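The following pair of complexes shares a single chain, subunit A, combined with subunit B in the former and subunit C in the latter.
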Partner chain A sequence: MSAALNRPAIRALVVKDWQLFEKQLAAYVLAGIGALALIGHAQRWSFYVGSLMLIIIMVAVACFAVSTSLLNERKDKTLAFVMSLPVSPLDFYLAKLIGNLITFGLPFLILAGGAVAVTLSTPVPDGLITLVLLLCAHQLLAFCLSLCVAMQVESEGWNIFAMIGSSVLINPLMAGLSQIPDIARHWPTNEVVWSWQALAILAAQLLLSLALLGYTSWRHLRKQAFY
Partner chain B sequence: MPLSLRALDTLRAAAMLAGLFFHAALAHSPLVQPFFPTADASQAAALDLLLWPLHLVRMPLFFVIAGVLAARSLARHGMAGLMQRRARRLLLPLLVGVPLLHLAMTALIQQAMDQVQRPSPLLRWLRQADELSLPLGTGHLWFLYYLLLFLVLLWVARLLLPPGAKAWLRALPLPVWLIGLPLLLTPALATVSAPHPAPEGLLPQFWALAAYGAYFAFGFLFGTRLQQLAGVRVLALLGVGGGLALAAFLALLDAPRAQAGALLGAVSALASAWLTLALIGLALRTCKRQGPLLRYLSEASYWVYLVHLPLLFALQFACMDQPWSWFVKLPLALVVTLGLCLLSYELLGRRLLGRRLPDQARASASTP
Partner chain C sequence: MTPAFRLRGVSKRYEPFVLEALDLDLPEGQIMGLVGVNGAGKTTLLRLLAGLTLPDTGSVEVLGLAMPREQVRVKQQLGLASEDMRLYGSQTLAWHMDFMRRFYPEWDAAYAQHLLRRFDLRAEQKLAGCSHGQRVKALLLLTLARRPRLLLLDEPTTGLDPVARAEVLEALAEVLLDERRSVLFSSHQTQEVERLADRIGFLHAGRLLACEDKESYLGRWRRLVGQGSVDELVSGWPEVAQLRRSGSQIELRVREHGEALLQRLAGAGLQLRQCEPMSLEEIFVTTVRNESRREGALA
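Entry: the complex of A and B
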């Protein structure tokens, strides 16, 4: 498979996506640093505003990466141009996958790292780290689901549904987690306890994210044409 | 290496080594005795007259020089090249250093709590707690974290600022900086404790972003015109103005304050900004040559700064029970720590940080 890949073209397509979305990414990163600084300001109001900003930015980044690089390009009919390039459908798919993972991954890692730092280095109880990481993993899963749908389904309606639906599920997830005593009872304490339930949910989120990416890749490996 | 870079390199090395002196001397400063872990029984009020002025200019110097060198590296290697170089030079030491430092400091303080007979007030207080749990932070490596943040913000600014704004910022004349820097610094320093703390937390602090960011921005935007600071009139103005502000700062700083307030914040800002720029001007005027010893110290100073604190603390804890005067303990701590740091540089640091780079490349290397 690797011999058939046009690596320079894949690289060029990834760089193209990066350059197109760099400005918006920079704005997200700036907002993310602002949110973390607000949380670090150690005032009650700034903590809530910062935390809210952080969640909004994470959701926005996940939607932004998918909608700009896949849905908007589809609407702008850039595929016809891409088909004129010396790239195979697999090259194009890999370029989109890598580009999206970078566009989402860079701010996601900064924000997730910041959220962990908030929990461990402020008076916020350390026990909340399980909730923080489960919410971050949910956001990762939501992104993978949106990406998977965007790469397989052309309908804009379904894509919007997948993006909003997966992101909004963060509320029932929080509510559900708070109903599991072995997870929730450690949140107000300074002890970090990874119960088997928390580990199972985290593992399921990560494995499902990987499975979604794997399934999409498998589908694209079988594709002979761009459509 | 161009003369101006040689002068900045010497200044950077001096500031790094001044950091070693600063941390060593804090053990004998009456001002921080209640809350410094290695605070010794032998105190010297006179040291405070040296320490706190140093505190106002030491880190600002790093950030100005880092800004100058970031601009040069950006012009030469582009943003990707700059990021790649800084990741190797700043991010790696930060990622490796922070956990190691945390473990070392926890172990050292735990041992001191168990063994020291004449403990510092902080050690005594920690003994009363059931369990030692130091908050996770960047320690004295905070400057690496902030330099990385400033590089990210530089990337953001390059993308989001309109070209007109960038050109306007680059063309700001020296008098605007001389007035603007203290104005930017005053609210930042007024809202934190006095003497201002080190922003060691894992989350970015607004005051540190504003204060040190202003110095970094000055170095980045004004770096090619730094020679203007070496003029006699400018130097005299900065020296007199900064000196007066410093005198006011020392007069007002009779005890540590939870919040500096507007007046102390303003005089700290004036003294910090003007004396930092005066030192740069003075270095550009006087540091024409770099002898072999100075070159070696300059080369090793980054490593020395990275590794000195655990060694220094170990030594100061070990000497805490000795009935010696600060006059003996301080030079002893300085000489032994510096010796051990240089030895470790020869054995390990030189290999880890890379051999001495050719002058041209070295000039563009990161030098926090």
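Entry: the complex of A and C
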């Protein structure tokens, strides 16, 4: 297969995905800002409601990006239309990867950045930053896993399982982190402490995310059918 | 002259379907109609040519370029409209036309406007609100306005009402006037194939049963009606595709009509009353039934 990339085509496909989903993504970001406002209110009830809302919105953004740009394209039979255009499987794959990283990444970065800013600039204890970032990194990992499964597996059931399964693992992660004293004991304080355990978990989450993207690329370029 | 496409030993297996090693050429500027029942392999063949699926064996060359290696260059000059291909329902036809323009420098905006009027479509209407016929016409518009050198159409008129079908066929007939443009289209509607195609390909159960010039192919088939005491062995002659008796009347469908055959049939006892050409539909049904019987006998 020709290795030369068709950059204008990749750009056109990324813009297409953005145009298709921009309104919904804007709605997610607005809802996320609402959740951040609740967290920043720094009342016990508003903190819990806001945190829960933020997690739900991040999960929804990840599921939305993957399901609309990949699963629905297959289900709605628009994939054959796109693949009949002058693009190679590599162009298509890169466009989907970039498109997904943008459609998920932009709201994700806004919301994750907002969560960090709210934690540092309001009466919410600064020590929670480690928890906030580890939970955000988990969402990134869950997104990469869902993306990987959506690129390889056509079964809707398996894709839903991957999306929900990876996202709900946030609960055991929170429970597990709270059991590590070197991480959890700094949460109620205003001191941001990155213990070696917190750094190791963060590094593992990021490396695993990258590995999943690499594996997805390797598998996708060996596909036999594109419709 | 470079052929529009050339397939050599191309096979593809999806359990339980198998497209058997296929050799097929289409000279540039010709129109080939592909006929076959559901599951015969027509869509698979079109997908192989469009690079939507890769062959298990063999080589595919389109417009002189090897697939899938040169698929981007091929797709620049190729238009595919398939029955199972959909556009984005949440977007308008105008959005789709703008999207296509980014991929095809040859995009003919004036022709797109002409087709818009001809097909009675509204550019600002969202595809989700369109009827099936409007969606098919919208896809054809997007395919034709890129001015492809090779046009691949998979069941282009399936599900259309008679008026929409006539509009689509008229637009296709107009496109086919361009002698440099090659077309491969599949259809259940044998009348359409008979009307539009220069060449005819018969696919059945993943095998190409016939592929040749339409006039000479239709010219070889005849329906013979007569009487007499014709031996049952005649049905085994290679020229005879079917022999049926109805009372004293005998009907033969022959695939290699000629004076020599008529003399042999007369020698076998046939008193010929009628000899008439057959429609493509009659030939198609006869061929498929013969194949099914042959496969049944082998099994």
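Keep in mind that, in the parts below, the second predicted complex is superposed on the first by the 213 of 227 C-alpha atoms of A that agree within 3 Å, B and C clash if a C-alpha of one lies under 4 Å from a C-alpha of the other, contacts with A are read in each partner's own complex, and residues count from 1 in each chain.
FYI, a contact is a pair of C-beta atoms (placed from the backbone, for glycine too) under 8 Å apart; a residue touches a chain by one contact, two chains touch by 3 or more.
Predicted model only: the values in this text are computed from it and were never measured.
Asks: Record, for the superposition on subunit A, whether partners subunit B and subunit C clash or fit.
Replies: The answer is fit.
Asks: Name the contact category of A:Leu106: first (subunit B only), second (subunit C only), both, or neither.
Replies: neither
Asks: Could you tell me if A:Ala80 is touching subunit B, subunit C, both of them or neither one (first, second, both, neither)?
Replies: Once the two structures are laid over each other on A, A:Ala80 reaches subunit C alone.
Asks: Quick one: is A:Ala12 in contact with subunit B, with subunit C, with both, or with neither? Answer first, second, both or neither.
Replies: A:Ala12 contacts subunit C only, not subunit B.
Asks: Could you say whether A:Leu20 touches subunit B, subunit C, both of them, or neither, answering first, second, both or neither?
Replies: second
Asks: Once the two complexes are aligned on chain A, which partner has more residues of subunit A within touching range, subunit B or subunit C?
Replies: Higher number of touched subunit A residues: C.
Asks: If we overlay the two complexes on their shared chain A, which of subunit B and subunit C does A:Met174 touch? Say first, second, both or neither.
Replies: After superposition on chain A, A:Met174 lies in contact with neither partner.
Asks: Quick check for you: in the superposed arrangement, does A:Ile55 touch first (subunit B), second (subunit C), both or neither?
Replies: After superposition on chain A, A:Ile55 lies in contact with neither partner.
Asks: Now for A:Ile33: first (subunit B), second (subunit C), both, or neither, which partner does it touch?
Replies: first
Asks: Once the two structures are overlaid on A, work out the angle subunit B-subunit A-subunit C from the Cα centres, in steps of 10 degrees.
Replies: So the angle at the centre of subunit A is 120 degrees.
Asks: With the two structures placed on a shared chain A, what shortest C-alpha distance in Å links subunit B and subunit C?
Replies: Shortest inter-chain C-alpha distance (subunit B to subunit C): 14 Å.
Asks: Write out the stretch or stretches of subunit A touching subunit C in their complex.
Replies: The touching residues are 1-2, 6, 8-9, 12, 16, 19-20, 76-78, 80-81, 83-88, 91, 224-227.
Asks: What part of subunit B is in contact with subunit A in the complex they form?
Replies: 135-137, 149, 152-153, 155-156, 159-160, 201-206, 209
Asks: Residues of subunit A touching subunit B in their complex?
Replies: 22-23, 26-27, 29-30, 33, 36-37, 39-41, 114, 117-118, 120-122
Asks: Looking at the complex, which residues from subunit C come into contact with subunit A?
Replies: Touching subunit A from subunit C are residues 47, 50-54, 68-73, 75-76, 78, 80, 82, 84-91, 95, 99-100, 102-104, 139.
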